[in-house]
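Both complexes below contain subunit A, partnered by subunit B and then by subunit C.
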Partner chain A sequence: MIELLLQALFSGLLVGGVYALVALGLAISFGAMRIINLAHGELVLLAAYCAYVVEARAGLDPYLAIPLALVVVTLVCTAVFLMIDRIRDHRELNSLILTFGVGIVLTNAILLVFASDVRTTSSPVLQDATVLEPIYAMNGELIAFALSLVLMVALWWWLRKSWYGRAVRAVSSNRAAATLMGISPVRTELTAFLVAGALASFAGVALFTMSVVQPALGHALTVKAFIVTVLAGVGSIPGVFLAAILLGITEALTVTLASSALQELVGMVLFLLVLFLLPNGLFGARARRG
Partner chain B sequence: MLRRAVAVATIAFAALCGNRASADDILVGAHMPLTGSLARSGQAFDEGMRVAVQMFNARSGTHKLRLRVIDDESTPAKAVSAVEKLVADGAVAVIGGYGSNIVGPASDAANRLDTTYITAGAASDELTKRGLKTFFRINNNAGYQRGMVGLLKSLKPASVSIVASTKESPSLLAKGLQRDLSAEGVKVTLHEFDPAITDFKPIINKVKLQDRPDALVMAAYENDYVGIIRAARILKPSVKLIVGAWALAVPKLYQEFPDLMNNVVGASFLPFPVEIEDEEGKGFAEAYRKTYDKDVDYHSTLSFVETTILAEAIAKAAEAGTLRTGGLTEAMRTTDRKTVLGPVQFDATGDNPRFSVAMGQHRAGKIVLVSPRSAATGDLVLPARPW
Partner chain C sequence: MTPLTPTALPRGGAASRAALPGKAALAAGLLVLALLPVMTGASNYMLGLLISALILAGIALAWALLGNLGGMVSFGHAAFFGVGGYASALLSGKLDLPVLLTVPAGGLIAAAASLAMLPALRLSGPYFALAILAYAQIFRILATEASWLTGGGAGLQGIPGLPSVFGLDLASRTGSYLLLVAIVTLCALAYAAVRRSPVGLALRAIAESEDATRVVGVNSILLKSMMLLLSAFIAGVFGALNAHIIGFLEPEYAFSGIWSLMPIIAAIFGGYRTVIGPIGGAVIIYLFDQVVAKGLIAVGHQIILGIVLVVMVLAAPNGLLGLIRAKGDRDAAA
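Right after this comes the complex of A and B.
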């Protein structure tokens, strides 16, 4: 039983790291613009398919696809931002509808180009196991987890220390006051959106190296990222990471101690429970006080 | 002058179009998941249907079929509205989709509209328990179950672990397998999983440390197979056999995941490289390769058979002059035909009780039929796992 629990905790930790990687981008655009980008999962998926192209068509390591993914996803993000920026009325609601539509277009574009086949890395190195008896992990998962940690620290540093990062926090906190302080809200929001796109690029490539991707996956990724973002509470980057780990471990323990059929249900119950008891999420209120 | 030329050309084009819609031009509708989570299967079905219609039209002197396919986007609601639209536009029958949860409501709609509905993409037992008059089906869980249980029984395992999706067909298949194998004295442990799951390691770890089975059985779909086998490849449970249901023993999965599929066994109709004995099957394989530049596969063969059966019943009803007065359903009931999938006959519920599958083993890019003995093209290699 101890062996099972240890593996469940470790698997949950690694899966949680990937959830965090996918959710970080959504959290930053949600935090800065109060806009839920419903196409975020599709942006992650787009980057995953860039990794597929680089590995399957060019025969290179999928992590070498990161520059390509950054270019492709940034271009799409810029186009989406320009569309969102044109919305004048009921921005929150209309941007939801707009990004939902963008998500459908992206899914179908991916389907058209890459067909509906399932894709994943064929790299023996990434697929091989690292064994620390009695714990097993796929190398791709360990790399994705490390990448998630690095990006979280980098994002936290950027938001705290850089001028643009502080501007994003200022616009997120009070858009009108930030404008009075000489911060361009549009430029700041664009920056936040592009940073979110960059995070989606890394997440997509990591996802391809450790999991199976297919054109319909984008929606599920958005839902998972949304759950993690709300669970964490708006504005807390470490909160996103901890909420994602909590979700991953809860799911893995459910599979081990109860039934694998209940995994998603228990994740959703956790989400509803936190929302009911802590409407600002696990870390949201504290972050705002800070 | 230019306007006049355009007007004349328009009238000529309209006349040509009008000619195409002659009395013998019969519209057949289909809804398929060309996009969405089931798109891979839907697209393969679409190809098989089109080749079947093309071949039927080539050999039919008087009746020409026109196929219109609506993308149901892998959702039940879109499938229902597709059926309603197709029937409203004059389709005499509907070829229906993939996935029992989609085919169920779509075939209900067709029955309500008194329109013949045929499927080869929904294996749930519940579909034939509804008593629909216009519903017909080529394949069923019972056939897959027979094929898988036949193979497992021949190996006499002491225990089996089943990893099954909670989707309708895989779940019912898993429960049927559990029942049949338990009746044979085999210890069976069932692990059902939510279709949204991405990490199968906790499940496979339970299989490895708690169940310790002789065989790992999967009742699931392509992306699940890849996830399950990859988790097994990492944790390496000491199983002798990894076996799955539909869409596992297909050449494409080996081409894309050779390191995960080698030696794995799944339900199959044909060996690969394709060896087809009968003339109709050979014609299908040739026409398919000519049209799509690839070999026939599992899904395209299913849809070829269902479309051919339907086309022949349409021709029969049209000859009798009863096509639009309920004769098609009657013509379908008289079906008794040998096909590339084996014999097809429909019982009172519209099911094909004679459906059965063989089991094929991936072996270095080839698929060898290993069970039942009568269909085998080679012996099962054990241990049947990719590592």
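Right after this comes the complex of A and C.
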């Protein structure tokens, strides 16, 4: 029993790393634009299918798909950004509906091209398990977790130290004041949106190497990213990371102790409880009540 | 904070009074149009498509009611549709209650279920949308897990059909179609009445600026709660009607995201700030999806709907009706 629990904790931690990557992208674009991108999960999925193409059709290592994924996702992100930028009235609600529509288009485009089959890596190296008695992990999971840690530190550094990163934080905390300081809000929003897309690209490739993907997964990923963002509260990278790990571990424990059917339920209930009872999230500082 | 925009302001009282005869003519025209399939003896296949389109129209109307008068975008109306369907199916199937009673009861139970969403009314737009999305997922999982009640993943078979009333067999295609025309009309009238009432005006003001409206002393949470309950009730009634018409329910179907997704597309396409828009939008979009899009692309035909949604938000955020009206205003000005 103890071994099962340890295994659940460890697997949850590794899955949480990828949840964190997905959620960070969403949180960055939301922070800068105050607009929720409901197609974020589909962007992740798009990158995952880039990895599938590179591995299954070109016979290369799936991680070599990262440049391709970055190009594809950046193109789509730019198009989505230009569309959102054109919205004038009821910007918040209309952009929500717009990105929802983009999500439907992407899901069905993937369905059209790749059919509804479940895809995963066939790389023996990634699928091999590293055993650390009494627990084990797939190499793919370990690499994906390491990648997400590196990216999180990089993102943290970028937001703190680089000019653009600081501009993103400035726009996110006070758009008007940032504009007065000579920051172009539109260019900053685009930057944040593209960084979110880049994170989605890495997350998608990592997801493909450690788990299974299918066209309908995009929507579920967006929802997961939201659960994490809401749990974390707005405005902290370590917060998002911790919340993602918390969700991963809670899900893994639910599967071990109860049933896999309840796995989704736990996340949803946690989401609603935190949303209703702790409007600032577990780690956030800013109020979000309207 | 959305800025006030001229297009979104309620139209002037004098103008709407002057338009009344026009509206009566429009209503009469629509009624004739609605009865046309029965009078011309449309095939059972065509009536079946129209029945599904009207059920979608009902949920789209419920969605638009909340979106227009409550200013809240819902991504989870499947919850109310599913709860209404299951409630009515169980009440009539297990307790042998008459279907004519269990359909409104299904709506009431869906409205009761929406009470759990009241805390979400305090959340701002996007967070409400996501909360209700999660809420709908919870119902889907619960319906699968509570197999002692719902039959679990296998679902409910042999749900009692609609009865005969005054010699009209409501279970027949013609009967179901006429019943749905009547109920959709009833819901549209109720929506229009709420819209015109002081409550409706207050709600439209809330949709523009909740803070400003609160300052004037309007209890926005109470009014939004009323709209949520009404919207859930209507969606629940249509869920119940659908259950009795098709005679079969399973969680993946009754709580399918389709019931959340299609009303949004239909309402946006037709124009969700009006009463007629969601109904017309639902009928056009449903027939287009089933007849044209499915014919062109068998798997993934919803890609066309997604494109329609994106194009509408960009080119005509007030829907087809908004587009027609804007053209009318331009012509009048010229």
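Going forward, the second predicted complex is superposed on the first by the 283 of 290 C-alpha atoms of A that agree within 3 Å, B and C clash if a C-alpha of one lies under 4 Å from a C-alpha of the other, contacts with A are read in each partner's own complex, and residues count from 1 in each chain.
FYI, a residue touches a chain if its C-beta (ideal position, glycine included) is under 8 Å from a C-beta of that chain, and two chains touch if they have at least 3 such contacts.
Given the structure is predicted, the values throughout are model-derived calculations rather than measurements.
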With the two structures overlaid on subunit A, would subunit B and subunit C clash, or do they fit side by side? clash
Answer with first, second, both or neither: which of subunit B and subunit C does A:125 touch in the superposed model? neither
Check the residue A:15 against both partner chains and state whether it touches subunit B (first), subunit C (second), both, or neither. first
Between subunit B (first) and subunit C (second), which, if any, makes contact with A:268: first, second, both or neither? second
Between subunit B (first) and subunit C (second), which, if any, makes contact with A:211: first, second, both or neither? first
Which partner chains sit in contact with A:177 here, subunit B, subunit C, both or neither? Use first/second/both/neither. neither
State whether A:58 touches subunit B only (first), subunit C only (second), both chains, or neither. neither
If we overlay the two complexes on their shared chain A, which of subunit B and subunit C does A:255 touch? Say first, second, both or neither. first
Touching partner for A:94 - first (subunit B), second (subunit C), both, neither: second
Contact-wise, after the overlay, does A:111 reach subunit B, subunit C, both or neither (first, second, both, neither)? both
Please pick the stretch of subunit B from 80-88, 188-196, 314-322 or 332-340 that overlaps subunit C when the two structures are superposed. 80-88
Subunit A residues where the subunit B and subunit C footprints coincide 107-108, 111, 115-116, 261-262, 264-265
In the complex with subunit B, residue positions of subunit A that touch it: 3-4, 7-8, 11-12, 14-15, 107-108, 111, 115-120, 122, 124, 127, 129, 136-138, 211-212, 214-216, 220, 252, 255-256, 259-265
So in the complex, which bits of subunit C are touching subunit A? 2, 5, 7-8, 67, 71, 73, 75, 119-120, 122-127, 129-131, 133-135, 137-138, 141-142, 144-145, 210, 257, 261, 264-265, 268, 297, 299-303, 305-310, 313-314, 317
Using the touch definition from the top, list the residues of subunit B that touch subunit A in their complex. 35-37, 39-40, 42-43, 74, 166, 191-194, 196-199, 201-203, 205-206, 209-210, 222-223, 226-227, 230, 233-235, 252, 256-259
Which subunit A residues qualify as touching subunit C in the complex? 36, 83, 86-87, 89-94, 96-98, 100-105, 107-109, 111-112, 115-116, 219, 223, 226-227, 230, 261-262, 264-265, 268-269, 271-272, 275-276, 279, 288-290
